[in-house]
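Note that the chains are named A, B, C, D and E in the order they appear, and that numbering of residues resets to 1 at the start of each chain.
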Amino acid sequence: MTDIKGQVDALPGTDPRAPLLQINDLHVEFHTRDGVAKAVNGASFWLNPGETLAILGESGCGKSVTAQAIMGILETPPAHITQGEVRYRGVDLLKLPEAQRRKVRANRIAMIFQDALSALNPVYSVGFQLAELFRVHRGMSRGDARKRAVELLDQVRIPGAKSRVHDYPHQFSGGMRQRVMIAMALALDPEVLIADEPTTALDVTVQAQIMGLLAELRRERNMGLVLITHDMGVVADVADRISVMYAGRVVEEAPVYDIYARPGHPYTRALLESIPRLDLKGQQLSVIQGLPPALTDIPAGCAFHPRCRYAKDPCRQDPAPPAYSIAPHRTARCHFFREVLGE
Amino acid sequence: MFRYIVRRLLQMILTFFGATFVVFALMFANQDDPIQALAGEKPVSDNVRAVLTERYHLDESFPVQYWYYMKGLLTGDLGRSMAGRDIGEMLSGAWPVTLKLSALAIVVAALIAITAGVWSAIRRGGFFDNSTLLMTLLLLAVPIVVLAPVAQLVFAMELRWFPATTTARAGLYDLLLPAVVLACSVMATQLRVTRTSVVENLRADYVRTARAKGLTPRRVTWVHVLRNSLIPVITLIGVDLGMLMSGAIIVEEVFNIPGVGFNLARGIRAEDGPLVVGFVSVLVVVFLVVNLVVDLLYAALDPRIRYE
Amino acid sequence: MSDVVLQTRSLVKHFKSRDGAVRAVDGVDLQLRRGETLGVVGESGCGKSTLAKLLVGLEKPTSGAIAVRGQDMVRLKGGDLRRARRNIQMVMQDPYTSLNPRMTVGDIIGEPFEIHSDVVPKGKRRQAVQDLLDTVGLNPDHAGRYPHQFSGGQRQRIGIARALALKPEILVCDEPVSALDVSIQAQVINLLERLQDDFGLSYIFIAHDLSVVRHIADRVAVMYLGKIVEQGHDVAIYDQPTHPYTQALISAVPVPDPRLRGRRDQIVLEGDVPSPADPPSGCRFRTRCWKSQHVCGEQEPVLQIRERSPHPSACHFAEVRRVR
Amino acid sequence: MSDTRSRSLAGDAWTDLRHNKIFWASGVLVALILLMAVVPSLFTSADPAVCTLANQNQGPSSTAWFGYDFQGCDVFARTVYGTRDSLEVGLLSTLLAGVLGLIVGMAAGWFGGVVDAVLSRLTDIMLGVPLLLAAVVFSGRLSSPFEDGVFAVTLTLGLLTWTAAARVMRSAVITAKSQDYVAAARMLGAGPARLVFRHVLPNSIASFIVVITILLGTNIAAEATLSYLGAGLGGDAISWGLQIAEARNYARIAASPLVWPSVFLAVTVLAFIMLGDAIRDAFDPKLR
Amino acid sequence: MLGKRPWKMAAGLAAISLLIAGCGGGDSDGESANSNTVVIGLSEPSDLLPSNVTDVNGTTILSSLFYPLLEFNARKEPVEAAAQSITPDKSNRIWTIKLKPGFTFHNGEPVTSQNYIDAWNYGAYGPNAQTGSNFYARIAGYDDLNPEDPDKEGPQKAPTPTTNKMSGLKAIDDLTLQVTLSAPFSSFKTVLAYSVFYPLPKAAFASDGVIVEGFAESIIGNGPFKMVGKWVHDDKVVVEKVANFKGKVPKIDGVTWKIYQDELTEYADLVTGSLDVQTSIPIEALSSAPADLGERFQRSENSGFDALGFPVYDTTWSNPNVRKAISMAINRDEIAEQIFLGSRSAAHAFVSPVVAGYRENSCGEACQYNPNKAKELYQAGKGPSEIKITYNVDGGHKAWVDATCGQITASLGVTCVGNPVGKFADLQAMARAHEPIGIFRLSWSMDYPLMENYLGPLYSSKGSSNFSGFASAKFDQLLKQGSAASTPAAAIKKWQDAEDILVQQMPFIPLRFSNNVYGYSEKVTNVEIDLFMKVNLYEIETIA
């Protein structure tokens, strides 16, 4: 497989010592009828080879938009990347011309989506959709590409790959479809895989299968994995580090063990507490009051302050809290992280 | 699948009889004096009148006339027109050119509508989009009675790009001008539907996937989006094809094409019951077959659709 | 007897399809007592949504009986049925599609009053609607807004308010929180629990999220391919599951604690759920079961208390296994 | 702000429309056209029926803005007065087609099964009936009590053009009736009437409105086609269609009698289509 | 599997239908290539069997295929063509026709007197329902072939005739034919020029009185041209010159009769050079025709006559002065000039100027535009305050009817509207049923150049086209006397007397006489169009 990789030209300016993926102060806006929606407001994180970074957050926190911005597949307009960098091995992808950018996709950075049924084109066979990658990026013949497609389906443990390659997405079960998605993402042997809620639409037993498969493939290939999810359970199982996003910002970043043991941001803390737990049965669940802010109208200061029990005056005023370094490899954007940690 | 087709064919037979009945009834209601209609403004002698009345059962009641017609039809005899011509022959003379004309018109319309529709969907809100919107609305508002002679005047008589008239044996190029005129009548809606459908599909998740695969925008649009967007367009094209075949009356007259529309118009004006019913019945059958083909095409375009 | 508000007996629903009958629900017996929450868990395609529709009368059962406070819902007709139906209402899964986008929230919540005009006199309906909004924690002033102006959690509250309008005793909640974010999910669950206390409601709580069910349910029924495979009190099911499917299901639930990583007893099932149109003979789980033996294909295990299963379990080899 | 006042979809739509520029533009245009139809004498003092061959094909002047046609009639006056019959035919036939399409489409979509099959086949049959035939039949049978033929032409167009609307309605109803909120209402005990009129209809009407407004345009234009085919309006009727059908013959000598009614027709169609779009959007709360 | 790949089937079906549509594409008409042939436009004839042809299209095509017994010269006098001589006896009842020798049909059969008798008997035989059968009605024995239906259009069938031979026809020898009329008719010779009096070859008959199936599709005539191939319906009839033709020899080698549905379309082809002769340019194109065609745009007179008829059975219109008032309210010249652009001329007589006996302005003051007098007369006669003019929409009459109404309104101060009906048959049916039809339009073009051919059908009480209900015993009698007169001149005198009755009664008001307005391509020259709107095929030439 590495021989195929050799066919892709190295990007100019590649720095082998730089992190695999580094996002700096990314800002994305959407121009809508209701005004400018600030979907991402300065997201920053990095990823090393072989590492699993979980981006955790609720819907509308900007995690999917961030992922799409990294991939360069945001629909512009309405979306506009107003600021920031997306560095892959030190190269700022945002500054690359579109043609080169396109070569990065699938070759270097690949992505899988939440709902495999709608993410796969319903009118083409999965074989076609897999083979397409080899034909477009590798210029393979139809037959060779088809062969590779079968191999890929085999690799993601789809039984009877040879015959199923002719089937259409709707003829697969949810789990199998997600396997196809994974096969598609891994086809060109990328170094970074972004998985956007890969198991949310699946049943728990299938979810376990898929997460297992992903972990295995990541290990095999020493890929960097960005796992976007809202499920604290899944994260606890697979992530090395966690970035928690709220209203377009990374509010806390920490190694997985630390964050579950002692969350450093009130939002992370509240999220953890709102999961139903055995020892709290019969009691009310701890809830985060109110709603996430509308992206067109993000509160001044810390965006979380209207829902935060620690909020005091400084939280309500700009500028937003900086990323306080609260421990080695840990940051939190909360003025009162000590109180949060200390409780 | 097979059972589905058989069921559709059976329904087709029922529809066919329904259509003959409705049209026959309409023709009967319209029957004043077909014999005089045949003779134009010249007088018809009583004797001729009596003989023709008897020959075409004109003095019979509606059920009897219908019965005579159906009897003939079921034995494969489409009867004779009032002018004494064999209707079967007339049909086989008129159909090919009309089929050719409407197929060409549909191809022209679909090509333009789909290309422009996709384009304006991609650039929605842009200049191209807005100007096509205006153009299509204008096309919608200008009736074909205006469009056809004006096109003939400009492109045939002034510019001499196309022949002014064609015949039953016309080649594709000869038919191009009338086909374009005909296409204008259906292009507008097809374009709108294509545009809407493409816009919808552009938002679909699989487009995101395709782009994440590093495909060029062109490939994303014309390979991935287009096929998904074509389904509602195909339905429309099916309906349009039927309408074009019967609706070609004016175009056929202006460009002197002795096709179905022309024969229908003549038959209707001449109160020629058997002629009109014959043509309409075949029209309905063709229409239904086209619909069936369209439905099967669905399945071709969208593997999720299966017929039972 | 008077304690039981809802009971089903051998409830069966088959759908006709190209490939024969799809056995969506295939002989389900349930009992729900007053003030109790019965959780129904199972994976997609197991028939739990069909079960919900049967219970509220959106589908007619192929056979079997549904008794609400002793009245057979299947046999009732006309006005009696309409009145009896008031007693059992449903909260639907998808708060986006279950509200008519072209009606205001006030109209949506007030609609039950218009249908059952005897419940609240005309003049008081507006007040009643506002009370309901208040009850579910929404601003009564927002009655004139449209569903799309609300967030998912708020919409689910609207759905709950609508279901409560007729003051039912039983609420069938079909995946009421699965479309919601964690923080919102907690709010809705809390609301449901509060309403249960306030109005003495009984819940059938259908979900695929086992943690949520565990939190809210008093008793749990596990469904697989149209049948209940195990049933019992929550503790019994979660801590002492005896059916292999239940065990696999529970073990697959991720635990939000990285310290347990790699230390849990995780059973990863192979393959997919078979088609309900052509379920396996005997025990329906046998195709994916590690305990499967010859008898499983021959004989269908009955849901009953067994030697090694202190609560009803439909497995010939039922045995307690702690999976976490 | 307090919006406790009980509101209706229509009321809200109106509130929304009041702020919609396109609605106002098209609305004013439509109002103007309607006014022209009702009181044409407001717009021109000339009598459209008085035609003097001496004025034949004269160009525009201060008395006759659009000049005179082949018959020596004032083109502007005739175009203004033609509004009435054109609109009458267009609106009434579209109304008829709309009602028929709505009923057939709803019935087919809602009941499904045999009803659907029968109605769908009926739609097929109607698509096969040539417009000219129906026009000839109706104009022959119905024009005597209504001399100008408006009734006959309206009936013809109405009876033959409902099919598209019915098809659209049918599929919209099929989509709408399987929605969760319909199930929710059914669960509450709502009867079929409520389900149909309160839930299914409002949610399936959007594409129907679009089809209908387009149909209005094509029907006004179709009147011209019928006039050309000799089954259109007659008697002392003045309509754009008649004007166009006549003037197209003399287009090479004098274009004005052809151009102006066509322009009026196009503007009218445009106005109604835009109005339809605006109304459809207003009745979709999501777009507000 | 059928079910698995439905799209293959669909694609196949689509491909097939496209193939059907696409193939068989276009052979272009090579007729107007450099050969010595011309392309002349006309409409689809209803038939080509001579006895069943009464329309101008059919007769035009037949004129190339057949050689008539006689034709008319430039002075409208009959001149023998296929006949050597046509002579009546003293009583004008028995006519002897001698044929020129040596003529053959296109299939080689010699033309004999029996060929004429067979053809005429076939045409006259009632059950054959030939539209031209009326033309044989003067021949003795015609009634035997057409027994009267006892209840007209009632349920009973007309009795089958006992014979299919007219007693008045007798072949004296191969080249001599004797025709006995049922009543004397001094102008019978003129009638014989009409196309129904063409002969038919033996090959036309399958058996006695039965025409071979499909004969009309490939007619065998005795004329200067013969058919090439079959009649291609709605498309064309191609004829080519007969070698060694015994009669007058045309200068061209052949004609393609190209069939058009619409005259404007035909004109488009004329302008673009795809057509050589258009015999009748539609009014819509007249204003641009001089510019389009220059010298090649021509006019000549023809026999057409337009009139308005009154339903005299309707009391509203029973007063002749009111009818006269309407007539005087119309400015015929203005309409002829401005609406018809000179393709018509104002009519001030009841018969066309092309027939012998025509008197200019025989109508007198009644046909002169005089709005004041008209109004006076109208008011005195208490004419209706609302007038409608019924016309058929399929004939392009709207323009002049509207203009006429405009003039009537202006002159009389009454409301006048056009009342369109679908086709002429509808108008006729309404008139027959005495429905309130109002004033109605009428046109006539002659079959043979006699005053009688105008007066008889239109105004006599039993006239085939007399829809007005006008009946004057004196008029009928004068007409009859004219026909029976011993010489054509005497006949004309009687007919003129009859015309004078019309002037007094005005059951119809003459409006216009029509002219041929024709054009031709740069390829041809010497184009003449005769009274019957036919191209003179013997004169027309191509330019090399």
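Keep this in mind: a contact is a pair of C-beta atoms (placed from the backbone, for glycine too) under 8 Å apart; a residue touches a chain by one contact, two chains touch by 3 or more.
Since the model is a prediction, treat every value here as computed from it, not as a measurement.
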Legend entry - Least step count from chain B to chain E, where 1 means the two chains touch: 1
Inset, instruction - Tell me which chains count as touching both chain A and chain C. - result: none
Inset, instruction - Give the label of the chain whose average Cα location is farthest from that of chain A. - result: E
Inset, instruction - Farthest from chain C by Cα centre, which chain is it? Let me know. - result: E
Inset, instruction - Could you tell me which chain's Cα centre is nearest to the average position of every protein Cα atom shown? - result: B
Legend entry - Maximum inter-chain contact count - chain pair: B-E
Legend entry - Computed distance of Cα centres, chain E from chain C, in Å: 88
Legend entry - Computed distance of Cα centres, chain D from chain B, in Å: 23
Legend entry - Rounded Å distance between chain A and chain B, as computed from the means of their C-alpha atoms: 52
Inset, instruction - Please set out, as single numbers or ranges, the residues of chain D touching at least two other chains. - result: 136, 140, 230, 252
Legend entry - Of all residues in chain E, the ones touching two or more other chains: 264, 394, 422, 426
Legend entry - Which pairs of chains touch, using the document's own definition: A-B, A-C, B-D, B-E, C-D, D-E
Legend entry - Interfacial residue positions of chain C with respect to chain D in the complex: 53, 56-58, 82, 85-86, 89-90, 92-94, 97-104, 106, 111-112, 114-116, 126, 130, 140-149, 159, 162, 166
Inset, instruction - Using the touch rule from the top, collect the residues of chain B that touch chain A in their complex. - result: 204-206, 208-216, 219, 224, 227-228, 301-304
Legend entry - Complex contacts: residues of chain B adjacent to chain E: 1-2, 32-34, 36-55, 59, 83-85, 90, 93-94, 96, 99-100, 102-104, 149, 152-153, 156-157, 160, 163-165, 167-174, 252-256, 258, 262-263, 269, 271, 293, 296-297, 299-301, 306-307
Inset, instruction - Using the touch rule from the top, collect the residues of chain B that touch chain D in their complex. - result: 11, 14-15, 18-19, 22-23, 26-27, 29-30, 32, 137-138, 140-146, 149-150, 153, 189, 239, 242-243, 246-247, 249-250, 264-265, 268-269, 276, 280, 283-284, 287-288, 291
Inset, instruction - Mind listing the chain E positions that touch chain D in their complex? - result: 264, 282, 284-285, 287-288, 334-335, 338-339, 388, 393-394, 398-399, 402-403, 406-407, 409-410, 417-422, 426
